[in-house]
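Here come two complexes built around chain A, the first alongside chain B, the second alongside chain C.
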Partner chain A sequence: MAPLNPDGPRMIDLLPHIINGLTLGLLFALIALGFTLIVGVMEVINLAHGSLFAIGAYFALTVIAGSWFAGTPFGAWWLSLPLGLRYVLALAIGPALAGLAGMLLELCLRPTYGKPPLYGLLLTFGAALVIEELIRLVWGTGEQNLALPQAINGAFLLNGMIFSTYRFFAAGFSIAAIIAVWLFLERTSAGAVIKAGAHDSEMVRALGYDLARLRLVVFGFGAALAGLAGVVMVPIWGLRPHVGVDIVIPAFLIIVVGGVGSFWGAVIAALLVGLAIGITGAYAAAWSTMSMYLLLIAILGFRSRGLLGRKSALEH
Partner chain B sequence: MISLSDIPARPSAWITPPMIALALLLLAAPDLLPAIGLYQYLGIEIAIWIGFALGFNLLFGYTGLHSFGHGAYLGIGAYAFGLFQHHVAVSLWGGLLAAVLAAGIAGALVGAFLSHRRGIYYALLTIGFGQIFWFLAMKLHRVTGGEDGLLGIPRPPLTLGPWQVSLTDNRALFYFAAALLMIVVVLCWRLANSPFGRVLQAIRQNETRARFVGYEVWRFKWAVFTLSTMIAGLAGSLLAMAQQSAYPDVMSLHQSGLIVMMVLVGGGLVSFWGPVLGVVFYFVARDVLGGLTETWLLWYGLIFMAMVMLRPEGLAGMLHDLLRRSRPRQPSAAPAPATEAV
Partner chain C sequence: MSKAKISRRGLLGAAGAASAVSLFAGPWQHNRVWAQGAAKPLRIGITADASGMYANSGASDKRGMMMAIAEANERGGVLGRKVEFVHIDTETTAATGSRVAERMISREQCGFLVGAVHSGVANAISQVAQKYGVIYINTNSSSPTEAGQNCHRVKFVFDGNGTNFAKAAVKSAIERFGPDWMLLTNDYVWGHDTAAATKTLLKDYGGKVMEEVLIPQGTRDFTSALLKVQQRKPGVVSAAIGGDDQKAMRQQVVQLKMGDKPAWINSQQDWDDVYGLPIETLFGVFGTTWYYRLDLPGVADFVKRYQAMYPETAMRSPGNVFYNGYMAIRELLGAIERAGTTNNIAVIKALEGHKISARDRMQHFDATIDAQTHQVQQTIYLATANKAPKEKDDIFEVLSQAKAEDVRDTDSAKLCKLEPYEQTPTFDA
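What follows is the complex of A and B.
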């Protein structure tokens, strides 16, 4: 455990921790948004959401390193491509495959619709276990690193403090992605159907939309968001087979703190959790993940449906 | 789908035929296990986890409260037992009492916070508290030994008046664990089939209606949570004795999820005996599949997923169906299954 500084850090020393916390929060928000969409439309708590995050990140790893084709002419040609290009491809392929995995999971979930939410929770818990074991089988059990292009890797000095460039890239990327998701939900007709589905899926079906397809698409979309968050977050969070369970708990906690089904609630809660982790990290690094549970208990103690939550089917 | 309330019970009986069967199996287990290629220590593990699972199922199956952080109380029991031996006295009964009380107090405090919640919020808070206890066990290095665990926990001898029996031998410890397990079985059976148990089932079927009928629902939720944590604490103390150490990993979300999986696969949602089947299935699968393949958890996870999708009533439900199908002519004495409110 890190020794406590008797004077406590000065405000200015806290700045890097606040920035780290906000970055973490923005990335959490990206995962939580997919999570909250799935909860809203299907009323399923997807405990495998973190595993989809892991799938996105691991496929990105494979795309960047080209390790499955090592030794073949294709592998050599692939590695001759610039790292920047491979990274951009990874940013597209990782989430896409995570989205496909999400759709597969949705097919498995179909027998549980119309039953208590417990069944969806249990099924996705089993799926998380299975995916983790599959990852161990395919990618090995060790901790791995994602190679980053030079442009976003490295550090710079500002006011005598060192900042990691990558954190700024990740934060900017998440802000852009969050805004894109918001625009998609608010400004397109497909987004309107998804929002309507989250509000009252029976009514959407009555209006003639194919509910089964809507659920498949939403699950795939949410899973792709998780995969995207995975690719971007892994250089900060680390990549190991267990990463899915490590990340699903904060994501789950965030949507409950923010209020199940609320877009901005999830974003605000994610920033709060990120800040709590970042600032506790400044004082007592070993205890930083503890702070989010205390935040959860404090907030649910006063607002039983979270910050911006409304009554939902999940209470039964 | 059948439910717990539909399986005819003999509520007045203290001892039922399945209990006698279980007791006989436990009696024979130390000789039976080596005979089928397994080992004696497995029996201790199974006995401990069955006790834990039965207590957990009072909460999970009977009351419909989904705790995903129950491993924490098993761990608290184990640490309390070990710390009592290290710092207070080397005493079996003292250690057991300390474990039950420590887990019970932690459970009572957490339960007070949880019991006004329902559904997914309840489940989430149990995860939150479970993680806090797990985290404390990992980080309070000076008390718990952190990740290395609390080592060197003795197995104190069993003293009953003038008699003293050493428990250092695995066979002796197994019989002691089995005896405690039978007490837990009888206790859980009586509770599940008491008026108290009926209220718990009413809460599962429809909490709002149970409240309107006039029950102070949160008191029942609190009581059953605390009780199940005390049983978990007892199981934890036995675990500490069996391993002669206590580790934080039983408190992790992973392990807390495993107990949920065991109870569900066994059929805890439809039968009192479901958790027993589930625990035995898990440990035998671990040893048999684990011997064949490194990735046995993958297969167990797939079996579990298939079970949730196709047969959520678990092994006990399948057995029940099988028995009913094998005697089709028997006039059905039981009334038509009550439709269950969801």
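What follows is the complex of A and C.
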């Protein structure tokens, strides 16, 4: 392994990789938030989370490219709209439709409630396969490209290094989304009910809240977050039918490292995973994927409930 | 209801006849596909990926094979037998490749196996095929090991390999862009083998490797590697990155506006990986074995046949992966016709050393199936993004074409040790 600098590693050489790791971590956080919300409230490990991520991105593609209306007067009018406007609409419509798909999935999940967790796991795994095939049928098998407005596309020079403008936009967008979700959970009554549901769903039901509706809304919200992450991530990762598979493992790993159901645990874990991948990528690239698993082992080794996970009854 | 009774003599006779048949077709050194007599259809097992990293290329590979099979059946089949196919997804996974090969031979009664994009999968299938003596054609995996240390008597390799492409590119790239190279290498067999071939050539032509960055398979974020490229400032980056990894990398190189500087050499660019993407994602110089707008006899008609057979396919023009799948089946069936039998040894001998004219290959120069390595020695093209396309799909600009003998992989020829005929089980499909 060759050092970045023949005289040995210097902080100035490492800095771009730290920045890169942090931006990557913020993107991971966006993916993991919806996942942790669903696991926290529903106690279901949603293996179709990646597929909902993909659905959001594919609907965004349709909105931006207008492919479903190609050759019609509406299609021509649609494509005459500025790309920036279509992109903003895609940021809203993609996640909204992913949220609806998530709600549909939750309705399918209902018969599995109260049964061993394997039922839910298998159902969501099956749903992931079905969604991937549906994507192939509707959007085709090939690689697709999500066009970006010029203002956020391109690159800029900083201290002699080229950085991607979009990557920083995506990281900034992730910060805004994380804050918005946190404010929603902390400062609204609906958020309080969701948090309470994650803490003790039976108590929420005893207080008169409709638990079925709460689960439907939470699943839809989590799926919408997955869809939002999809729209934001695919200009970096590319868009293909099985793109969702690429994100399920990191997302799952992040919520375990952060502590299942913990909002800030997921955010911190995502940043740590991003940093681990970014820095390892600089010095031992072959280990960059492995580094997140090593991080998982290291953290669970001394703190089995993850960074900010709740204490189990056995620990009291 | 029949009134016939089973007599002791009849029973003994039947048992004797059954024993005689089992002796004739016993499993030792001679495997037989029971259901395939002379009048039975010839069944080909298509081992193409339908999921995983190379799902998209696998679909093209399969389409190419299906078109060749359909055309053969229109001509009346092979040796008077209709040609059928069975397809099972190899999932871009070596373990699945082994299982699929076992099942196709032992349960699906396939007489020949064809297809692969991933070299690990191709290697796994070929080991099973060699065990049974079933001819296997690796259509699209371009690791040098496939016709090198992992070669087999039953295996034929139809794609150009990393060494062929590197030979076509390295010398001129050193002269033009300088001796300082950085390698981005996918951390699996094809990546390592292709990088090894590039390193050898760099040494031969006076270039040097500043650093090799190993990229784990499944990497979606290349920013670390691309930052490192900026920090090291090489003249050339040689990338042996395949499949979905390559698609992600291309996207990120474009976002960083690094497509023009440094110079990029990509071992081979599969058509399926870039079809439909914006032209700016197609930076650098890359290799290919075929292009749908080559100005050669037969090419336009081939494209028309593709479009007629697959009117619903989003990919409106065929690429190198489709072409290799088509050529593999066509040459296999041609070899069976020449051999006049489906006996594996006879068909292998009909394939070994077989010369294919440039016209038949729809390439610039004649090709040969190398008797020593079983790799098709063929024209290798270098191409780049077409800045003046004649139509929507016209995204490649072919820069040069190299004759097979100029880019032959001599290292693989040294490493390949084909099993002797007598150690290869005979098999009659």
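Operating definition for what follows: the second predicted complex is superposed on the first by the 296 of 316 C-alpha atoms of A that agree within 3 Å, B and C clash if a C-alpha of one lies under 4 Å from a C-alpha of the other, contacts with A are read in each partner's own complex, and residues count from 1 in each chain.
The rule we apply is simple: contacts are C-beta pairs under 8 Å (C-beta built on N, C-alpha and C of every residue); 3 or more make two chains touch, one makes a residue touch a chain.
All of these numbers come straight from a predicted model, not from anything done at the bench.
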{"item": "Overlay on chain A: chain C relative to chain B, clash or fit", "value": "clash"}
{"item": "A:Pro116 touches, of chain B and chain C: first, second, both or neither?", "value": "first"}
{"item": "Partner chain(s) touched by A:Ser174 [first = chain B, second = chain C, both, neither]", "value": "neither"}
{"item": "Contacts of A:Ile297 with chain B and chain C, given as first, second, both or neither", "value": "first"}
{"item": "Touching partner for A:Ala286 - first (chain B), second (chain C), both, neither", "value": "both"}
{"item": "First, second, both or neither for A:Trp237, with chain B first and chain C second", "value": "second"}
{"item": "First, second, both or neither for A:Phe252, with chain B first and chain C second", "value": "first"}
{"item": "Touching partner for A:Gly278 - first (chain B), second (chain C), both, neither", "value": "second"}
{"item": "Touched partner set for A:Ser201, first chain B, second chain C, both or neither", "value": "neither"}
{"item": "Which superposed partner A:Ser262 touches (first chain B, second chain C, both, neither)", "value": "neither"}
{"item": "Overlapping segment of chain C (options 73-81, 163-171 or 181-189) - the one that collides with chain B in the superposed model", "value": "181-189"}
{"item": "Shared chain A surface residues [contacts with chain B and with chain C]", "value": "286, 289-290"}
{"item": "Chain A to chain B touching residues, read off their complex", "value": "1, 45, 108, 111-112, 115-119, 121-123, 125-127, 129-130, 133-134, 136-137, 245, 249, 252-253, 256, 260, 286-287, 289-290, 293-294, 296-297, 300-301, 304-305, 314-316"}
{"item": "Chain C-facing residues of chain A, complex", "value": "2, 4-5, 13, 16-17, 20, 23-24, 140-145, 153-155, 161-167, 235-238, 240-242, 246, 277-278, 280-282, 285-286, 288-290"}
{"item": "Touching residues (chain side chain B, partner chain A) in the complex", "value": "66, 113, 116-121, 123-125, 127-129, 131-132, 135, 139, 141, 253-254, 257, 260-261, 264, 295, 297-298, 300-302, 304-305, 308-310, 312, 342"}
{"item": "Residue numbers on chain C that touch chain A, as the complex places them", "value": "51-52, 55-56, 59, 187, 210-211, 213-216, 218-221, 223-225, 227-228, 230-232, 244, 247-248, 251-252, 255-258, 272-278, 281, 314-315"}
